[in-house]
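Note that chain A is present in both complexes that follow, paired respectively with chain B and with chain C.
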Partner chain A sequence: MSKEKVFILALETSCDETSASVVVDGREILSNVISSQVPVHRKFGGVVPEIASRKHIENVIPVVDKALSIAGVTLQEVTAVGVTYGPGLVGALLVGIAAAKALAFAVQKPLIGVNHLEGHIFANFLAYRELEPPFLALVVSGGHTSLVHVKEYNQFQLLGQTRDDAAGEAFDKVARVMGLPYPGGPQIDKLALLGNPTAIHFPRALSTPGSHEFSFSGLKSAVLNHLNHAAQHKEEANHADVAASFQAAVVEVLVAKTLEAAQECCVDKIVVSGGVAANSCLQSTLSQQAVNAGYSVYFPPPVLCTDNAAMIASRAYYKYLSGFTADLHLNAVPGLKLQ
Partner chain B sequence: MPVLALETSTLVSSVALVIEESLVAEITLQTKLTHSERLMPHISTILEMADMTPKEISAVAVSIGPGSFTGLRIGLSTAKALAYALQIPVIGVPTLNALAYGCSLPGIYLSPMLDAQKGNVYQAVFEQTKAGLQQIKDTRVIACSTALEELAALNRPVAVLGEGAILYRREIAAFGENLILPPQHLVIPRAGSVGFLGQQMLAQGVRHDVMTMEPLYIRRSEAEVLWEKRQGTQS
Partner chain C sequence: MVMIHTSSPEETLHLGQLLAALLKAGDVVCLCGDLGAGKTLLTKGIAAGLGVTEDVTSPTFTVLQVYEANPPIYHFDLYRLEHADELMDIGFDEFVSGSGIAIIEWADKFSDFMPEEYLRIEIMHGATPETRTIQVQPQGNRYESLVEELKKIAGSCFRNVNTGF
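Right after this comes the complex of A and B.
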């Protein structure tokens, strides 16, 4: 007798993407519909929470409908409904949670609350079918910079995270000051290719061995000071050099701490995820150094680096297998921590 | 034709089930829990109390605003997802109309008011006639004091309704002889009123699109207003 397939419908509305997806057995994406709000927030230079919430309520049912129809699955055929319940913007999370609860209730299917950070890690299970825990995960995005020891599918240990800005946040702020459009991460990545990464030495915070914590606000300030200083002296700062040197400082810290943590956890795999995982300098530097040190390294494809519901569905599947369902009281937890 | 009704536009959380002329059940709460925690459990409870399954609901009526932006979105997201999943109509009932309907005495004006922050209210004026509820003044954002001046100048008694009537009860009592403050249980938003008005709208052929339906915010987001001001001063 063959095992029945598990179809998870998941919703993700924690920040500025409204997304719904259908995933089979936690690994196979049938659909992953993402309605991006980036163009809406661009004129404000960043995500405006109230506007994000307004876009989510407009988009939530259309993305669910599209995800089901692309997947060729009816709501009745779905095994369970997963949804991000934190961390994220509270008003944005609430739209997805309310919809997911109502969908699950209407068809009398289990509801599963998913931690967004865990979702990012699980994006790699969708990209690499053979990947299994244990491994070390680096989650690096506009909202997070965290090192996590993934021991089993439902067992995580947070080794350290940023004390202040997330790495992606530093990218966005530096880009903004250089007059680059939002979101700035990919812009800096492009500009850095034209610059000299050793032109300016920016500080590397908390780089003493043994610390798994990050800090990027000092680095961000140093870059802003450098740009202001040049402006005051009527000099033309070389933006390509600044971008390359800034990026080099971020990547150096991320790579060094990741390798050190991997060694401490005695794992042989390193899994990177989150928006900054798409950064070309991080990909090439970490891949090279990690492979030299004997690790296998996994980066998800770009579409799974950004916020998406497929990664939430994958995480929901493994919670479903272990019976971790939520009831109808499920609420948004904007500051949700890793379990 | 059982209609499930939701009202989450203010701190009051209310869910009701109406069938034809009858209010079968209503759960109305003013406690500290959030709409997010209460709404779905109450929907589940009310159906259980009425011995019904979700499949037996024939339409969902939801209070669409104005009111608290987050509250409205929780109600609307829930209503849309239920209607979509159960493949039944969804009807957005204007919150102030439902408030007026809940206390619809003939011969007087009805003025629902909801808090719009910083001394402002969302406000409108209605009148109950033989033909039904007539809207005399469109729903708008207005300084509470200005609204009260306007109401005091009317030549008829005016019942002030909604959370504004509770929040500004002292000002209202001091304002004019013709302003009436009905007891609290008659002035708070209740899902039963949303259900009955929703039923009427359905009978009139009103249908809202589950895909595109949005809350009735009345107000744009603050970020947008500021952005436009900045553009204005730059050009």
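Right after this comes the complex of A and C.
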């Protein structure tokens, strides 16, 4: 007799997106609704970016309803409710937590608190059914740049993270100064294809072997100085070259540190996640160098790179299997670290 | 007010550490300056001066980061906010009138919504990429005396300090 399927309903409201999802057995997405896809949201003339927790309050129930209806699952049929409890903005997190508690309490089902960063890593389990720990994870987004040794489903070791700006933040800020539209990451990626990545040598911070920490603030300043210097001398900076050279500096550091960490952890798989995982230069450079060195590399599809509740549901499933449930005292932890 | 010229990121960090000694619970510091001016760097210095050992990272994405120190530090970044009513949504007033030290990057975006009294610090690029001119301006009695104290300390630590005005 096959074992009963586990349906996890998960909520994610840690930052800009309000998202709800239903995932079966941690691997199969039945629905993954993100607020910007919900027409009712437009009716309210949604603010972008929707930092406002008020927006989460308006969105959260319609998004949950839609996730359940697309999945064809009733709330009573849900096995457990997962929710992001940190890291993130406290007001935003509290909306998801309050809603998840109410839903779990209403149907007397377990509540599971999920670390957003762990969720990003688990996005890959949804895209690749065969993927299992141990592996090395690079989480690289607008808010995070972290190297994590995933030893087992519930065992993580943070090897290093950024000391200042996240990689995605550097992409967005450089793009803004070059007058490119938001979000800047994909725009730089596109523009870089037309430029020479060796035209300008921008600094590679903390590139000494053995350091798993990142720093992108100095690189951001160097790019801004280059652009300011050109403007002061009434010269036209070649934006395509700047984009390509900046991107090359970011990617070179990410790839080198990832490969070094993978070797140190004695793993044979590398898993990338977060918004910057969608960057074409990072994908091609890391794939090429990692495959040459004998690693398998996994990048999630774009929809799972951004903040979404499906990845939270996948993480919640593995916590559920191990009995890591929360009680109704679960609170937001804005500065939550990896366990 | 006082103008302090720093010649390296290390000096800017050091200025933050000096400032930390003058700040107390309930104080508000508004940081202004272009992208890459060194607002987060100065905050790193203040946090280090208050005994924070963890990395102080850019709060652009999260809008607010809290550091457990004595008193706690509320590090805001208003860069991504577009409307003043979003300040209410993030609990801005509660934190700013609270029991910690509030440090607010990109405060100029919402200058009408800042408290009556605060310390305004503007970081400007200097003649070379590493140098900065840092203008510290008091708003209210509490901060006027703070700036007087800063003049005394900074005068002995930095070669290039302009006081008066």
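What we mean here is this: the second predicted complex is superposed on the first by the 324 of 339 C-alpha atoms of A that agree within 3 Å, B and C clash if a C-alpha of one lies under 4 Å from a C-alpha of the other, contacts with A are read in each partner's own complex, and residues count from 1 in each chain.
By definition in this document, a residue touches a chain if its C-beta (ideal position, glycine included) is under 8 Å from a C-beta of that chain, and two chains touch if they have at least 3 such contacts.
Fair warning: this is a prediction, and the values are worked out from it, not measured in the lab.
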* Please indicate which partner A:Arg129 is in contact with in the superposed arrangement: first for chain B, second for chain C, both, or neither. => neither
* Give one of first, second, both or neither to describe whether A:Arg54 is in contact with chain B, with chain C, with both, or with none. => both
* After lining up the shared chain so the two structures overlap, which partner does A:Gly91 touch, if you call chain B first and chain C second: first, second, both or neither? -> both
* **Which superposed partner A:Lys3 touches (first chain B, second chain C, both, neither)** => neither
* Asked: Does the superposition put A:Gly335 against chain B (first), chain C (second), both, or neither?
  -> second
* To do: Would you sort A:Val177 into first (chain B), second (chain C), both or neither based on which partner it touches?
  => second
* Should A:His233 be classified as contacting the first partner (chain B), the second (chain C), both, or neither? -> neither
* What part of chain A is shared between its chain B contacts and its chain C contacts? -> 51, 53-54, 90-91
* To do: Could you pull out which chain A residues touch chain B in their complex?
  => 43-44, 48, 50-51, 53-54, 56-58, 60-62, 64-65, 75, 90-91, 94-103, 105-108, 327-332
* Structure fact -> Within the complex, chain C is touched by chain A residues 15, 47, 49, 51-54, 87-91, 142-143, 161-166, 168-169, 173, 176-177, 217, 220-222, 224-225, 228, 334-335
* To do: Please give the residue numbers of chain C that touch chain A in the complex, ascending.
  => 34-36, 40-41, 44, 55, 57-58, 60-66, 80-83, 85-86, 89-91, 125, 129
* To do: Would you pull the chain B residues touching chain A in the complex into a rising list?
  => 34, 36-37, 39-41, 43-44, 54, 69-70, 73-82, 84-86, 210-212, 214-215, 217, 221-224, 227
